[in-house]
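Structures incoming, each one as structure tokens.
Both complexes shown next keep chain A, but they swap its partner, so chain B is in the first and chain C is in the second.
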Partner chain A sequence: MVTYIFRRILQSILVLLVVGLVAFAMFTFIGDPIDNMLGQERTQEDIDRLRGVLGLDQPFVVQYVKFVISAMQGNFGVSYEQGRPVAQILAERAPATLELAAVSALFALSLGVVLGVYTAIHRKGFVANLVLTLSLIGVSLPTFLIGILLIYLFSVQLDWLPSFGRGETVDLGGWTTGFLTSSGMRALILPSITLGLYQMTLIMRLVRSEMMEVMRQDYIRFARARGLSERAITFRHALKNTMVPVITVTGLQLGSLIAFAIITETVFQWPGMGLLFINAIKFVDIPVMAAYLMLISVMFVGINLIVDLLYVSIDPRLRT
Partner chain B sequence: MSALSRFWDSDFAWDFRHSPVAVVSFLVALLLVLSAVFAPLIATMNPFVPANLNLMNGFTAPGVPNQFTNETFLLGTDDQGRDVYSTILYGMRISLFVGFAAVALGMIIGVTLGLIAGYFGGWTDAVIMRIADVQLTFPSILVAMLIFGVAKGITPVEYRDQLAIWVLILSIGLSDWVQFARVVRGATMVEKQKEYVQAARLIGRGALPILTRHILPNVLSPVLVIATISLALAIIAEATLSFLGVGAPSTQPSLGTLIRIGQGFLFSGEWWILFFPSVTLLALALSVNLLGDWLRDALNPKLK
Partner chain C sequence: MGLLDITDLTVEFPTRRRLFTAVDALNLKVNPGEIHGLVGESGAGKSTVGAAVMGLLDPPGRIAKGNIVFKNQLVDTSDGAVMHALRGRRISMIFQDPLTSLNPLLTIGDQLTETIRANLQVSASDADGRARELLDRVGIPDPDSRLNQYPHQFSGGMRQRVVIALALCSEPDVIIADEPTTALDVAIQAQILDLIRDVVDERKVGVILITHDMGVIANTTDRVTVMYRGKVVETGPTAKILSAPEHAYTQSLIAAVPRPHKKVHRFPRINYDGDDPDFAIEDLARDWPRYDNAPGKPLLSVRDLTKRFIEKRSLLPWGNRYFTAVDQLSFDIMPGEVLGLVGESGSGKSTVARMIAGLYKVDGGRVTFDGDLVSDLSNRKVQRAYRQEIQMIFQDPFSSLNPRMRVDQIVAEPLRHHRLLSGQDIPDRVGELLEQVGLGADARLKYPHEFSGGQRQRIAIARALATQPRFLICDEPTSALDVSIQAQILNILKDLQDHLGLTILFISHALPVVRQMCDRVAVMRRGQIVELADSEQLFTAPKHDYTKELLRLTPRTENMFEKPEA
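Our next item is the complex of A and B:
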């Protein structure tokens, strides 16, 4: 098992280095930073001197190693568009995205498990079939259309919930949170449903098929024979055994939530990292794009790694 | 017996005739594709030629005569007086063109790399599949956005709008080759063990003719299924990118761009500018998706 863990960690580091190479290549080959920094009246000497100062005259490999070292220290240079350090901009935007993703994940997991168990038990029921049909349509709807639909229903027609922004936020020493004000909480509802809906249907279908599989097994029949109540069988015996794949999928989907937040944040003008990334693409703001790429890969690779390691610790059969 | 009647009697055609979902979604998809292809003939105007537009026609509600010009538009007009019905037809052309071209690109790259990886094995296989694994770690829409951003950075500013469609095709195509490569690789590894490939090798055929003439035709049916499902995904990916403002420009709007434009009028009550493009996109994505699902089941002998 130690070799397995070691190999997984090594693999993750390799993936990150490859992504780092892509990010670094973006810096190097797209637009000359010298062009961005020096004005029209530059001389060849100026250019050469600045190249020396920035270390651009060194071999590719040396530059790459330097890039990796400064990236590990959280230094991604200065945004072309805003003229501020990228790390600082990302740190300001991160809480909005992380809070949105966390609430969406909670929504998807709780509703997904409940609906999954329900549709597995009442397999022939009208409500269960309705839920399944709706979820099929929901999956084929593009995320942004779901967002617009929710805005139309709950903001334009009913005027219940805000259609954009985070509402009032409270600053907790560098972390702005929307959890502490009622307008912040209300602003979270529509975006998190939009973002979490796809994951919710995914979890629901998974729980449903796993539950149906488990309910057929002998130990459930024995539990019935022992005279246990239907509720105890469902929740204590059956649901517990479906949790390993559910946890895995939820964990793996956490990364997608943060990536798909780009779409939701644009629909709801949510001031998070996704909106920042989209604007960076529009303005070809390479440092922000590269930093976002690195940050999201660290999250993805990290989550994958943690899920794999958790898998080993949850499921004793994988330990050899 | 003619080829047509043989096709009509085949299992495949029988399956199709007896699946209402397949027939309906095929007809819807066919109708949409045909109306996009013949858009110049059935549209009331080319809405992207400024000379055709009359600003007085702006914000005409569907089916109601305009109060200034007394003209009527089936699906209404947008803020610049463009007929929504015509913008949808022309927008669908862009959406479908990008969708088909992106899938074709992804398919060519994926099938080629899959054949190579499956046939040669060894380190070629290892390198190709590791690249696929790394790319698969990230959602394809994110990969597409990134490629779009990089390509945008490379193209000179004055060509950006003209090239946007091609950049879009490139980014979506490059983001979905992995599915093709994986399936073709697996099928190739199975096929290359079979006698006919051994025989072809024995009579001294080279790797290239064996791959293209012998193995390729035998691994194509799963490729067809993936291509159909990829088409639905590519249409949605294109719409998403254009909706986010990093896709088709407003001078060459796709359905996604039209939805982005329409979203601006959501609060002022001009619902038709947003509603009709959205419904069209839905019908397009849903019909292609259902068709792909049916195709997957029909071509999978294990399910019969």
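Our next item is the complex of A and C:
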């Protein structure tokens, strides 16, 4: 077990290093940050001097190695655009994105599992088929359109929920949270539904098909033959066996919730890391982009490590 | 009145095209303390009877007619609450495959206590105590620590004991055992059948034992009912039915069972329904290539063959723990010889076959074929020629044919791969091959799922013959088939060997089959050959203790069949 975790952590570190290298290779193609940083009255001398100061005259591999070395000391550099440490900027923005992702994941997982089990058991029921059809419409529409539709319905027409921003937030020593105020909670509803709808559909369909597969297994027949109640069969025997593939997909999807929050954050003007990243691309703000990408990869890798450990805790056959 | 009386039971499955009657007016009576065998080939409706009694018919199946009377009370099978009260409490079931009938994610203890508490009103600690007793009762040593283990930590036989313990949770009156030993080795089979017998004698339980195996019927049951296509053809005391069967189907079923005690040239086939097409072997032999085999030299020679699998992976490759599946095995196969390889599951038989076929890389030793070293997979030229000359037939014809390919594509694949024929010659040859295995040329455009198990195995044989091989590896070719189909397939293989001079490595766990098929037999245990002798000598005068043990445990059918008992 310890060897397994150790091996996985080693692999994760390797993945992170490769992601960073690819990111740095790409940065050389997206433009020259010097153009944006110096005004109209710049001389070639200024440009060369700034290049030297920022280390942009070196090959990207060297830049990357320097970035990795200072990142390991907790120093992610200074934003070209804002002139402030990148770590500080990300720390301000991260809570908004993480809270949004957490709420959407919770929404997607709880509703996805419940509806998945329901539609699997009542395979031919009217409600189950209605849910399946509606969910199909849900996946077919692009995220931004769903966001705009929700805003139109619940903010413009009904005026029930805010259409943009986080509402009032409370600062808990460096972590600003929207969970503690009613306006903050209300502001979370529409963006998290928008972000989580696709994942919910995916989880629901996955749970449904896995559940139907598991219900055909011999051990379910045997459980029924020895007189267990339908409830015990569904939730104790079937659902647990459904969980292994569901966890895999959920793990991958949770990572993409954070990574692809960009669109939702743009639609809802959500002050999170996604908006920050879009702005950083416009300004060719390499330190911000690099730190953001590394943060996202750390989360992906971390979540998948947790997923692997969850497998082992659910499935005793992997514990050898 | 018996314990369980089934009268006039008719089960129907409405399908889109027609109404399929799976069980047709069946009568069956089970008395306390009696094992009632229900025997028939696959599709006869045996398992449907069990499911109907339990109220567990898969939709759209339904009981169209008939009564089930349990302890003098008519059971209303349509009433879910009544059936739920009966299931597990009064009537229990044991399934075929102990590997799949236990939930892999829950401990044995959890599954036992859950069942005990669902059926009996007892506290958690009482249920725990009862679980311990039950494990002890079914002969599982050290119940205390076993309760906390998961199904995969048990061997096949131990798992089936757990399944029996689960079926005994609430002291049922009737147990329906659906092929309880089919997935088990012969030694384990004997133990499990003894255990069922014990339970019956001790608690006067009535058992319906569903099986396709005449050996099991002969050794275990008191009465037997023979089913054919949903109907009962004969019923009565086991000794009488087996020694003096009245119905033609029962007679042919008994005749088709391979006898362990004498060698016959051909297997008697079940000709009850007359749907056994002829096999045009002579046509095949006409243009079969003849090889000049050096006299006295083996065709295939195996020396010190070794295969290890990683048992526990470590951080560094040299820290891995290995399990030796095949341990320095050596044997020769002469041209035109059939060598049998027998042993329990896990003894390494299939691993040997896969190494010879080049599907596994060898970890030690060498395999030479007609003078060429073929265990070196990197020698492309030798491999290409070798793979054309050997072919393999697998155990399960349901998974060894690609379900998305048409039969003509399946049979043509080796021809195309080895570029033996091109253009119109390919469909011509495919048609001939299918004709020769008795399927007819119309089989070409169908998909595997449209065929029965025996027909699929014929397709697999046609595919294996496509390249005109010299050497066939048959890995349990009939273990998944009914006894009548088994006879057909074995006859085909025997004919191939006679007419084409094929050399065959025949792997099986069924000793009677091996005796009929093979010239010499190697007995494997734990990756090693314990005895290798001429077939007749091995069966009449075994030398090694393990061989003797295997022979002793094979169900003795000969006495049952030929001498009526008192």
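Rule of thumb we're sticking to: the second predicted complex is superposed on the first by the 262 of 320 C-alpha atoms of A that agree within 3 Å, B and C clash if a C-alpha of one lies under 4 Å from a C-alpha of the other, contacts with A are read in each partner's own complex, and residues count from 1 in each chain.
Following the convention adopted for this analysis, a contact is a pair of C-beta atoms (placed from the backbone, for glycine too) under 8 Å apart; a residue touches a chain by one contact, two chains touch by 3 or more.
These numbers come from a predicted model, not from an experiment.
Colleague: Check whether A:I148 is in contact with chain B, with chain C, with both or with neither, and answer first, second, both or neither.
Modeller: It touches chain B, and chain C stays clear.
Colleague: With both complexes superposed on chain A, which partner does A:L130 reach: first (chain B), second (chain C), both or neither?
Modeller: In the superposition, A:L130 touches no partner, neither chain B nor chain C.
Colleague: Pick one for A:V19: touches chain B only (first), chain C only (second), both, or neither.
Modeller: In the superposition, A:V19 contacts chain B only.
Colleague: In the superposed arrangement, which partner chain does A:I281 touch: chain B (first), chain C (second), both, or neither?
Modeller: first
Colleague: Residues of chain A touched: more by chain B or chain C?
Modeller: With both complexes superposed on chain A, more residues of chain A are touched by B.
Colleague: Is A:I69 in contact with chain B, with chain C, with both, or with neither (first, second, both, neither)?
Modeller: Neither partner.
Colleague: One more residue to check, A:F260. First (chain B), second (chain C), both or neither?
Modeller: It touches chain B, and chain C stays clear.
Colleague: Could you look at A:I306 and tell me whether it touches chain B, chain C, both or neither (first, second, both, neither)?
Modeller: neither
Colleague: Which parts of chain A are in contact with chain B and also with chain C?
Modeller: Looking at chain A, the two contact sets are disjoint.
Colleague: Write out the stretch or stretches of chain A touching chain C in their complex.
Modeller: Listed in rising order, the residues of chain A that touch chain C are 3, 6-7, 217-219, 221-229, 232, 236-237, 240-241, 314-317, 320.
Colleague: Which chain A residues qualify as touching chain B in the complex?
Modeller: Residue positions touching the partner: 15, 18-19, 26, 29-31, 137, 140-145, 148, 151-152, 156, 163, 256, 259-260, 262-263, 266-267, 277-278, 280-282, 284, 286, 289, 293, 296-297, 300-301, 304.
Colleague: Contact residues on chain B for chain A in the complex?
Modeller: Within the complex, chain B contacts chain A at residues 134, 137-139, 141-142, 145-146, 148-150, 152-154, 232, 236, 239-240, 243-246, 259, 263, 266-267, 271, 274, 278, 281-282, 285-286, 289.
Colleague: Going by the contact rule set out above, which residues of chain C touch chain A in the complex?
Modeller: 54, 56, 84, 87-89, 92-93, 95-97, 100-107, 114-115, 118-119, 150, 152, 163, 166-167, 169-170, 312-315
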